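Letters A, B and C mark the chains in the order given here, with residues in each chain numbered from 1 onward.
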Amino acid sequence: MKRFSVAHPLLVIGALVIALLPFQMSGYHTGLGAHVAIFFIAILGLNILTGYTGQISIGHGAFMAIGGYTTAVMSHYHHTNLILTLPLAFAIAFCFGVLVGIPALRFSGVYLALATFALAVSVPQFTLKFSSFLGGSNGLQTSTTKSNAWIYGVSWSCAAILYLVAWLVLRGRTGRAFRAIRDSEVAAAASGVTLPIYKTLAFGISAAFAGVAGSLFVIATNGFAQPNEFAVFLSLTLLIGAAVAGLGSLWGILVGAVFVALLPTVSADVPLIGSSHGQDVVFGLIVIVIMLLLPTGFAGLLYRLRSLPGIRTPVEKEAGG
Amino acid sequence: MPPLLELVDVTARYGPVQALHGVSLTVGEGEIVAVLGANGAGKTTTLRAISNTVRREGEIRFGGKAVGRKGPESVARFGIAHVPEGRGTFAELTVWENLRLGAYSRRGSVKDDFARVLSYFPWIQDRRNQQAGTLSGGEQQMLALARAFMQRPRLLLLDEPSLGLAPVLVTEVFRIVRELNEHEGLTVLVVEQNAHIALQVAQTAYVLEVGRVALSGPSAELQEHESVRRSYLGY
Amino acid sequence: MEAVRRLNYRERRANRIGTGVSPAVVIALVAAAIFLLVGSLLSPIFAQQTVAGLAQGAVFASLALALVLIYRATEVINFAQGEMAMATTYFAYQLTLWHVSYWWAFFLTLIIAFFFGAIVQVAIIRPVQRSVIAVVIVTVGMFVLIDGLVTWKWGADLKFMPAPFGNTVYHVGSVAFARQDIGTLVVTIISVVLLWVLFKFTKLGLAMRAAALRPASAALVGVRVNRMLAIGWGLAAVLGAVAGLMTEPTVFLQPTMMQAVLLYAFAAAVLGGLESPAGAVIGGLALGVFLNLVGQYVGFATSELRLPIAFAVLLIVLLVKPHGLFGSKQVRRV
């Protein structure tokens, strides 16, 4: 996915900046920083699915919900240590991802997108149906809450760890299989790639990532897991983040995460229309304008910049475009 | 009388790949002109350049006026009908709907033209409501011709009409092309790999090689030409 | 040779039927219709729920048809279809505030909706037409934008429009039919029929179909493909406006009024097969009736589960027929 050779020094600098930022920022901004990490993880997962195996999902909010509610339930009913709930969320979301991935094999393209959309819409409804166990519309509260700094640290640590995991998975055989599937399923199958296994695996992995993001999301929202936090709009936000990121570039994903994490806040501050609905107007406008200007996302922009003679890494050839 | 169609030093590219390296040709009013050449020589690209289906540089004049680069729609309305590779028939629509589409850009009454089409292709009458995609290859080619004729163009661009057709049908198709040329005064620019029949029907021919005009002249001459005989006529 | 000829013939026959309507589906639908008829004759509640379901389904059908129109032409799902419908309904509301009588406002709104849809296509969609995902994102952005603009201009509180068909209820035996429901059905049927006439019999309709099926070939006969797309979006917006205006009497005017309808419309459109207008209409009606009847007779199916049930049905149908009831594996041609 990403060759570190070009980005190495930048990566180190970036990591340092991220590590040192909270000492300069207020609690509120630290909280926002944590949200960036959360979206980074979720979009990374989505990128593995869409960018690598070409399966479109507009339903990853559902997997975030699953991870988030796992954390909430375990913490609320069993007082589990919050950090321990993270691998648990990873595992459970992975299982759900595989479960979804199996029937998803039957669908492709827009039908798959709509099927996953159906998922995104339906999952929050279940929390309302089983409200006695899952807290209904009032939500479910974890037994402990943590400080913004704690959340920031844990979120970015998870982001780093999961990025490493993604890198390891994608550089190896699995990654090659994924890329082969994206480029041509027929050719991949002919070359011996067992399609069902790899496609389902991709779903599982990307769901697992979203699950962890969801857990962190609940922890970051004062430990509250509420159905309307995981509504359709979340899945659409992830999609927007992935589109802004473009395909296959680390920096693109970071930009995408920053975009969707910060845009709502930025839009609220713009004194354009005054009421809280100014935020929606600005958000919508900016999303539209960005897409008009950069239909291939940030990665596509990078690709075009890198296409200047001389600076061309094999990695970027796969990005966007 | 100025030629109906003039190409002056036309170049065209598909992305980074240059397909035409400066093609010049003329088609006189009422003529049938053939463009020959091997696969990849740029024959199809030449037609696409004329109909603005591909981006091109260089000058193209039709009836003395310069052809703009706007898009295939404007070229069609200009009076040039392009029957592309693969015929361009609407397989999902009926035979009659295909013909109606041919007449789309026409103003005024087209009833007479429907009658004329039926005189050249009488079988259409019984198959009016059949889905075009269920016609045989030969019938689809004829439908494509009929549709192009409904446009009442001054110039017909034909891309490899013999492709996929049995020899008997190929003869039939070219017979109709010749009839349309003689009776309706339709000027034809036909791209063909089947050099035999193309040279029999056309008065003039151009031979393209690697995006350039290698040879040109009256068909009779080309038929005797050494390299043409060897490369394209097989003897 | 004979065998090959026979094989080709069978393939051609399948093509002739066209949109992949299999006999099994037709039989199932006829059976369902008979079931509904018999049930309605036997039980007044059944009849009421069926008619109410049909009316609801008619609204789904309108919006689903809009979605299918756009999908057929441009292969994209317009996520903002519901919000565009909502916005045009608010426009009608504004007209009534300016003392325009309801039905004049209705028709004026349809006209404005047409231009609204066309302008959106030209200004926002056309620049990003090449990238499917960019179009999807842009429509999502529009969703949010329109929602914000409407809430800013008119506020989020409930508003009311004069009832188009009044509140009278007809009684046939012991069955009660709301005039509103009948009216919704009639309006929807009229708009669908008009659209059908347009596409089947007019030159413009033919050109639009050609542009949707094979844009490159259409261009070669002189069809201005981009213009056809804009008109398609305009017509879709008109259908949306009809859906919005027919939804208003039930849920009244609020910015979120079309959001659930949009979701049901997605389900209906995919159910029918995204490339099939007939499928969208039948899918919508079927979904409306199904949901109402299930809600009435299945205890577990409380209102929170309505949406998941709709999608569960959709997913089950898709597993059996991956391209919807009336869809077939259409290969995009150029």
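Everything that follows uses one rule, which is that a residue touches a chain if its C-beta (ideal position, glycine included) is under 8 Å from a C-beta of that chain, and two chains touch if they have at least 3 such contacts.
Computed from a predicted structure; not experimentally measured.
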Field: Per Cα centroids, the chain farthest from chain B
entry: A
Chain whose averaged C-alpha position falls nearest the assembly-wide average: C
Message: Using Cα averages as centroids, what's the distance between chain B and chain C in whole Å?
response: 42
- line: chain A to chain B, mean C-alpha position gap in Å, rounds to 53
Centre-of-Cα separation between chain C and chain A, whole angstrom: 32
Statement: Per the touch rule above, chain B residues touching chain C in the complex are 51, 53, 71-73, 76-77, 81-82, 84, 88-93, 97, 100-102, 104-105, 130-131, 133-134, 147, 151
Residues of chain A touching chain C in the complex: 56, 103, 106-107, 110-111, 113-115, 117-119, 121-122, 125-126, 128-129, 236, 239-240, 243, 273, 275, 277-288, 291-292, 295-296
Task: Using the touch definition up top, name the residues of chain C that touch chain B in the complex.
output: 12-13, 15-16, 18, 203, 206-207, 209-210, 213-214, 216-225, 333
Message: Residue numbers of chain C touching chain A in their complex, please.
response: 71, 75, 77, 79, 124, 127-128, 130-131, 133-134, 136-138, 140-149, 151-152, 263, 266-267, 270, 274, 302, 304-305, 307-308, 311-312, 314-315, 318-319, 322-323
